[in-house]
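Note that the chains take the letters A, B and C in the order they are written out, and that residue 1 is the start of every chain.
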Amino acid sequence: MSTHRVLTGFLLALGFVLVLVHSVWARRIVILYAAASPIVKALGVPEDEVVGVTRTDQVFPRATKVGSHLRPNLELIRALSPDLVIVGSKKAFPDSAAERLKAAIFRYDPRTLKEILEAIEALGRVLGREEAARNLVVELKAELAALKPLPRRPNVIYEVSSLPLKVAGRRSIVNDIIRVAGGRNLVTAEKKHVLLSPEAVLALNPDFYLYQVGPMNRNPVSPKKRPYFKGLESRVIRVDEHEFARPGLNAFSAAVKLNRIFFETLNQRP
Amino acid sequence: MKWIELQNFEVRLASFDLKVPELALCPGNLVAILGPNGSGKSTFLSALAGLRPYKGRYLFLGKDFEAYSESERYRFLSYLPQAGRVGLPFEVFYVVLTGRYPLVGGNRYSEKDHLETEKILRVMDLWDLRHRTFNELSGGERQRVLLARALNRQAQILFLDEPFNGVDLRHQHAILKFLREYVRGDQALALVVLHDLSLAARYFDYFLLFKEGLLLHQAKRSQLDPALLSEVLEVRVDFFRKGDEILVSTGV
Amino acid sequence: MRRETLIVGTLVVVFFLSLVLAIRYGAVAIDFAHLDKIEKNILFQVRIPRVALAALVGAALSLSGLLFQYVMQNPLADAFTTGAAASSALGAVAALVLGAEALVLPSGLCGAMVGLFTVFRVASFRGRLLPVTMLLAGIVVSTFASAAISLLKFLHEDSVASIVFWLMGGFQNASYGRVGLLVLVIGGTLIFLWKRRLALDLAAFDDATAVSSGLSIDRLRRELLFLGALLTSVSVAFSGIIGFVGLIVPHILRLCGFYRAEHLIALSLLFGSTFMLLADLAARSILPGGEELPVGVLTSSLGGLFFLYLLIHRKRQLYEMD
């Protein structure tokens, strides 16, 4: 009886080690969170090693599409017998689902630019590409050197979707992009997306009202043309959702771009 | 003058055809329509009330029935269907009041409409129920309310399809007495489907006997023959005449 | 009669009170004594149109519920139980997904008409409507429409949030244009109904009684069905599916002793708008920090409880209606 148990424990431990070793030399990768794909590519992973991606992913066109990031097809994923699966937040891909995959799981869910850099380094370790990861981090940090100091800290509200009116809260990557760009997100709720009354937007009276256009906000009416925003005095800026609301490499250039907009606008006005 | 005249009157139905070769009815009469179930009595009444298409000649108050517009004809006739139903809750008073709808020109029931409704409620012994909702009444009470509603139109011609369903005997007699008064002096004509032969023999003036969709016989009260009734109704019918009164015994 | 007068008086007072409350309170506190520019903007461009839209949608839904009750000849009919709301939403969502936003309203109207007609045909039996069959048919139509909406949502996963929120119901996208259109639709319906207010009550009787009262019942039903569908689909297009208002409002009025169409029409407008004003006020002030609850969630949960109460305490009425 006890030998049996010991044997089982040994086998389990062996399996664990094997999985670990295997994941270091990952050859078959499935990416269920599209924002991670550009990073994987930038780390120099060859295209044929990425075997599965979500249906919106354009970075690895030859990989099999395994559904959407909220509803991936576990059967398809298992059929690809991946060594490593890169997933998003626990909300998008719960642990219970991860356990069933029998592959190493890498959770990619950064909320700030700093966490993105950390995630890149961690991913570099898992993929055995520490060198490339370090270079990428340096490169991204260098990109931020273009940030210019602003005369004052502008107040910002970022619209995620217009129907319903949802804005970026503190846990959104956008929050940190705004902070790094030198602004202040007026919405302080501890959430990714916050359902906000237009009244509150008017009352908060931000200097900049950013609204994203993309899958979350497909064809928004320009804010100033909406009946409830007729009295909005903020400067309204349209941004691309893919560029701003994805926690990936794009976040750094987005911060720089936003900083430039702030800089030019604030220096124009007395 | 004839108020209802039929010639080769036919109503086509899925299961059978209703045929009335000839019929002429004068005002001042209470007319009983008798016959077994499925013999076409209800079909006959509803066709006369304009609810079914028919073939043949149908003179209504001396004029072709089709010549009346819909709103016009229901000022002269009042029809009580067999399974009357009210889907939403209404007060008894209001249910009876709506019987006067065809008489209302504008969009408001007049003072007179209200007074007449009060009158008929008292006659039908419904006065105490007038503020109750129709749907909380018992079956017999509902039937009396619907009958009161039909009578409230004060139409010249009444078509009543089994008006005594579930109504207790005391009220049946009271209502029939009222109907006798109603038609007296050639003021009105009432056609009533019923099954109770003793009531029919006691209060009615004229009898239409239906069998298998055909108007088989018509007779005045004095000419009513128990043998004929036995044949049509498929039960044994015996009459005991006591002066002007007819006592009826039935059995199988 | 004095009791009725008292109830009407109370309703009028409560209506104006909730109007004042709805304008007074909101996500942002406004100092009414000294309005600054931002507060003026908030008041006139956000809050007042929203309050007006809420009141009008409440009135429209109550009125449509009342009309459906006359068509279906039972007090359990409303935009929700007849499946009109769901089928109208299906039409609207289909238009949205195809990118034809201008067609949201007509497409919703078509959806509602098709759904209603189906339920009506299924539930009518020998010249009358069977209430239980109507409820079942309504469930079938609602379920089918919801499934079709789910399919559309699935095929367009990214814009799901918009569709979901819109379906849950809310008055966020209020504008004076929408308010104006609703006023027109409700006003037109009222003019039509006011001329037929006596006939309306007769529509609740069996067909033979209605027809032999000189009513062209089929035509009246078609007209009522169209108007009910129109009111429903305008409400759905502007504020999503807001359930059970059309059921609760006339029912409570009947419990208070109002039975005639002329009373129910007027009081449904008043009570329906009051109800919705308060529901929306709650929806936008329960959560702190300017966050909002979808108002449909509130009314549907209230309505669900109310329906449960009906099933438990008024069984007799429910089953004796047929």
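Note that in this section contacts are C-beta pairs under 8 Å (C-beta built on N, C-alpha and C of every residue); 3 or more make two chains touch, one makes a residue touch a chain.
Chain labels with UniProt names: B = ABC-type hemin transport system, ATPase component; C = Vitamin B12 ABC transporter, permease component BtuC.
Predicted, not measured: the structure shown is a model, and the values here were computed from it.
Visitor: Chain touch graph shape: choose line, ring, star, complete or other and state it.
Guide: If you draw each chain as a dot and join those that touch, you get an open line.
Visitor: Would you identify the chain whose Cα-based centre sits farthest away from the centre of chain B?
Guide: A
Visitor: Please report how many Å separate the Cα centroid of chain A from that of chain C, as a whole number.
Guide: That gives a centre separation of 41 Å.
Visitor: Take the average of all CA coordinates in chain A, do the same for chain B, and state the distance between these two points in whole angstrom.
Guide: So the centroids are 81 Å from each other.
Visitor: How many angstrom lie between the CA centroids of chain B and chain C, rounded to a whole number?
Guide: 42
Visitor: Note the residues in chain A that touch 2 or more other chains, in rising order.
Guide: Residues of chain A touching two or more partner chains: there are none.
Visitor: Enumerate the contact residues on chain C facing chain A in the complex.
Guide: Residues of chain C touching chain A: 26-28, 37-38, 40-42, 44-47, 49-50, 99, 101, 157-159, 161-162, 165-166, 170, 172-177, 284, 289-292, 294.
Visitor: For chain A, which residues are in contact with chain C within the complex?
Guide: 68, 70-71, 161, 163-166, 189, 194-200, 202-203, 205, 215-216, 218-219, 226-232
Visitor: Please output the residues of chain C touching chain B within their complex, sorted ascending.
Guide: Per the touch definition, chain C meets chain B at residues 69-70, 72-75, 128-129, 131, 194-195, 197-199, 201-202, 204-206, 208-209, 211-216, 254, 259-260, 317, 320-321.
Visitor: Over in the complex, which chain B residues touch chain C? Could you list them?
Guide: Touch residues, chain B against chain C: 46, 49-51, 70-71, 73-75, 77-79, 81, 83-91, 94, 98-99, 101-102, 104, 107-109, 133, 135, 146.
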